[in-house]
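Two complexes follow with subunit A in common, the first pairing it with subunit B and the second with subunit C.
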Partner chain A sequence: MADVAFRLAAPSRRLTSGAVAGALVLASAYLLPPLVGSTYLFEAILLPFLALSLAGLGLNLLTGYAGQLSLGSAAFMAVGAYAAFNFDLRVPGLPFVGSLILGGLSAAAVGLAFGLPSLRLRGFYLAVSTLAAQFFVQWALNKFDWFSNGSASGVVRAPDIVLAGHVIDGPVERYLFALTVVVAATLFAVRLANSQTGRNFIAVRDNETAARIVGVPVLRTKLVAFAVSSFIIGVAGALWSFAYLRTIEPAGFNLDRSFQILFIVIIGGLASIRGAFFGAALIVVLPLALSRLGQAAFGGAFDSGVLELSQRVLLGALIIAFLIAEPKGLVALADRARARALRPFLKPPYGG
Partner chain B sequence: MELADFQFFVEVLVGGLLSGVMYSLVAIGFVLIYKTSGVLNFAQGALLLFAALTFVSLVEKGLPFWAAFALTFAALTLIGIGVERAVLRPLVNQPPITLFMATLGLSYIIEGAAQLIWGTQVHALDLGIDDTPIDVAGVFISTFDLVAAGVAAAMVASLLAFFRFTRIGLAFQAVADDQFAAVAVGLRLHRVWVVVWTAAGLVALVAGLLWGARLGVQFSLSLVVLKALPVLVLGGFDSIAGAIVGGLIIGAVEKLGEVYLGPLLGGGIESWIAYAVALALLLVKPSGLFGRPSTERA
Partner chain C sequence: MSTSTIAAPRAATEGARAADASAPALEVAGVSLAFGGVTALTGVDLKVAEGEIFSVIGPNGAGKSSLINVVSGLYRPNAGCVLIGRKSFAAVPAAALASLGVARTFQNLALFNGLDVAGNVAMGLAHQDRTGLFGQIVGSPGARAEEARSLVTEILAFIELTAIADRAPGTLPYGVRKRVELARALVSRPKLLLLDEPMAGMNAAEKADMVRFVRAARDRWGATVVLIEHDIGVVMEISDRIAVLDHGRKIADGAPAEVRDDKGVIDAYLGVAHDDDEIPLELAGAA
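== the complex of A and B ==
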């Protein structure tokens, strides 16, 4: 019964137009940048954008869909990156994609462990408990140099990505590889969000008691949300280290990174697959644009310190502005803009 | 246990309890705002940084202590008014998590602005408190910590008196109890919020001065918020008594853990041990030691 009810309540899928738009976006993502892009475009914009989008997507499943606020995303990124590194290093003959998936699974296992408190805690108490993941993982990575193969600082150079004997080299190839991983993970997330499990996520978020009454296994749903979300975030962490930075370092996965990913989800749009991409695009482009603007306006006085601080202020203001004016995020803005643009071409809905 | 070992244990314990008082100082600022508006104010650490940085910069410009204190307090009052107008009022009736995220944004704004205005250098702050350890029955105790504990006690006492004996303090309690009923009997919610944020600003100022004197006034001051969170979890978000007891427990656990457990685990465990203790307790008692049981639908 519950099954039927949820299926009826599920949003109708506009399969045709959505699929066409998706195919167009995909085709241009694969074809356009390699044709016209510069190294700068790949290294400074597209690669971090892809990794952060994926991390945002993972957190959105947990926070946006299942309603469990997490402040420890960067820890799961770190687990994914370091686990992939260690599988790649210590398991001979394992293809890189295998290391990537095992890295994601390791992050899922850690996520599951730190998700256990969600069975008893909710709201702020849970959010604070996810901070424990953040501090514990960072401490462990700094403390035990086994994770970084004996590097005292915990920083290691990421090994090359090898696919079927071919070394993925250069920004364009790394971009295409990262893009393929992100596309696969996104398809998975879309399927999940539209499945019974995805609807269970939303039911748990909206009203736990009601969800339990209609037969949603609340505890299992929460744990699944933590595991799946951490898996995707872990893969994102591996992409961040292997495809974008080319080094793996604990400092890059600090609390600020966790907040950054949360901001991506808020600005992009909670409980929306596209939201993570919109949010990540804004977060990646914002400092670059701000730096250009500041240089143009203030010249030399606008140094990197001032840039970082003004970026903080601007980011904070953006968060508050979005929470107040558009809690559904950039996705809602984009949808409204599209509706407005298409209005002249559509028949009036009320027969007038 | 040998006597020397025992004395060492007591010394570590007392040191831990006293540094716990410093955590309580930060946590009380959270409790004030949480009690009256149900908001977990992540920006408390940023307020603390702003307060300490403004104060120390004014003193370095040659202002006397009390003038700098008053000016900083005035600035914090302005922030309180601004926050109420620009953040709390538009977000009224939103879910608590939304408000929490707004204070996260707020903490970015305040941290960034404080350092844009006053610069990012580390400032030393001398409050004129002597920090030579005094000897109590063979146990050395830091004078500074004792003074800090005294200040905290005075602040808590005056806050409690304020809550109990003044009209606006009673209004706080009414708002904390039931917002709708408080509005219905004619309390001005907006004004109560401004006063609460200003009071939290004052707590941040006092805590900022003590912490600043201890660590130097710099960006990392805003990170004491991360020390206060496990204290809050332990004590319950809405209890001043909980903030104090939680602070004492966390302080003691941290120091004892660092001394007795640290060598086994390789040190540096103070970054997470507080969280581990708080979590362990939460699994047994989900609303903290003193927190009111959650009224959220289970």
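== the complex of A and C ==
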């Protein structure tokens, strides 16, 4: 009975220590960068990091938790961005947050449609069928200039983000806005992952037959995964365009971007909320660090072409290394490092 | 729909066992099944009375797993029908199986490796969840979640898994994983329990534990049990009745003593099986 008591007490204890850590991260995310950050930090690092983390978070729900491989992330980002743009443009009086949510819902609808093949297809075949979303959305954005309000290239300037009459202006305010959206989405994802639906995702991923037998609504679960994931990825696309780039352009949402989001999830850690943030941090910081290092080591010879190439090589090597050596990603590395650091302070039963 | 089967105490099992003549818990009538050219089952008939432990035995490839897969709706028979309780099905709807009060285990382990032991067991209650996604996100866990938690705690204690409740199944020995799967099947207090070689790969002590759990499932909760098992000693000890399959046909059906003395069975199965009793266990253990 002591064991039962321990077992029942454990989740809440884990919850409180997690909540404390989360609160610390949150407080520093809100307070530190505005105090010490340069424009460069916001524009080149933090804003793309937030948007990519959010996209990774969305994909991780679908691929990491529910086990449905998708290569359509950039398409869902594009739908979120262009839909938010059009709602903002065409619905007078709609607050920006409304456009953002409707953008996410539009992405969810498109994600749901392209998730239908998941009811029949698996793994590699499903991934290929989600490519259809990628090509279809890019085709539609190029073909119909209505989406970009008549711009022939499809590129439009993103309108200002306006909150309750206040124009979100400057990198710090855009950062704080994006951060708030990401925090809200993360809380949602945490709740989802710990809900019955989240456990159903994992059950469907791990053993679809057993899941069906215990009464998990398998088809509905897959569609919910596609819809929720695409919603979050759509909002990420809107953040990418409105808060980070301040232009909306189809080229930014190509297949490369879809792969980038997938790599974020793989490197960061599948089926982990933190994984998306770890992976996005690495993806954003890697080229910057590489460029600094290259410049320092080779000077002018390290031009943008070489940078691009070495970045791809290094990323490819990292992905292979992670897939082979640590399929659970950076999160697992971090957890192991923390356990090692804490071991001296813990009694044997918890130290192992 | 199925909440009553969980909350309400089951009718006295002794009475149910005595009344063999009442509607069977499970009936399989004229079921045939083929995969392309391979016949797995040919005109199989079975009647399993409520509260019975009913074993299905037969050599490898006899069609035992196929039979359970038909009953649980994973295979659609080419002919015949399955009656569960009072409902008759040409093809059992697998998705509604749990709501029908039927739970099963698999010959090859089918656990959810991304969930801990308690999480796996709790999935046995997945069919009861009626809360919409929105409610799950914003709501606080209600009375039903409390009830589910106490059912899981109880079954973990009963199957003696409490100490490893938060372990990942992948870190556990094979025999323990088999027990986790049994716990997942039992947590919903099924009326009908289908067990496909639950003791495969276990040593004698582990088997004895498993026998105890299966008996208790029937005695405490009144479950009707259909058991596939290669260990003849266990089968003879635990079964009320035994059916023997060979090449997809039922060749005998009766009390343990009758089946043991049946000439056809001895020829087709027992005489041979006694020598290579260990082989299927080895195979299953390696799987």
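Throughout what follows, the second predicted complex is superposed on the first by the 336 of 352 C-alpha atoms of A that agree within 3 Å, B and C clash if a C-alpha of one lies under 4 Å from a C-alpha of the other, contacts with A are read in each partner's own complex, and residues count from 1 in each chain.
By definition in this document, contacts are C-beta pairs under 8 Å (C-beta built on N, C-alpha and C of every residue); 3 or more make two chains touch, one makes a residue touch a chain.
All values reported here derive from a predicted model rather than from experimental measurement.
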item: Combined model on subunit A where subunit B meets subunit C, clash or fit; value: fit
item: Comparing the two partners subunit B and subunit C, which touches a greater set of residues in subunit A; value: B
item: First (subunit B), second (subunit C), both or neither touched by A:K143; value: first
item: Contacts of A:I264 with subunit B and subunit C, given as first, second, both or neither; value: neither
item: Subunit B versus subunit C as contact partner of A:V224, first or second or both or neither; value: second
item: Partner chain(s) touched by A:L323 [first = subunit B, second = subunit C, both, neither]; value: first
item: Which of subunit B and subunit C A:A132 touches, first, second, both or neither; value: first
item: Centroid geometry (CA): angle subunit B/subunit A/subunit C, rounded to a multiple of 10 degrees; value: 80
item: Touched partner set for A:N207, first subunit B, second subunit C, both or neither; value: both
item: Subunit B versus subunit C as contact partner of A:L179, first or second or both or neither; value: neither
item: Touched partner set for A:G215, first subunit B, second subunit C, both or neither; value: second
item: Least Cα gap, in Å, left between subunit B and subunit C after the two complexes are fitted on chain A; value: 9
item: Residues of subunit A at both interfaces, subunit B in one complex, subunit C in the other; value: 207, 209
item: Parts of subunit C lying in touch with subunit A, wherever the complex brings them together; value: 72, 74, 94-99, 103-104, 106, 110-115, 118-119, 122-129, 131, 133, 136-138, 149, 153, 156-157, 162-163, 165-166, 184
item: Interfacial residue positions of subunit B with respect to subunit A in the complex; value: 40, 86-87, 90-91, 94, 96-98, 100-102, 104-113, 115-116, 120, 226, 229-230, 232-233, 237, 265-269, 271-272, 275-276, 278-279, 282-283, 286-288, 294, 296-298
item: Residues of subunit A that touch subunit C when the two form their complex; value: 3-4, 7-8, 10, 188, 191-192, 195-197, 199-200, 202-203, 205-207, 209-218, 224, 228, 271
item: Touch list for subunit A against partner subunit B, complex; value: 69, 117, 120-125, 127-129, 131-132, 135-136, 138-139, 142-144, 207-209, 255, 259, 262, 266, 305-306, 309-313, 315-320, 323-324, 327
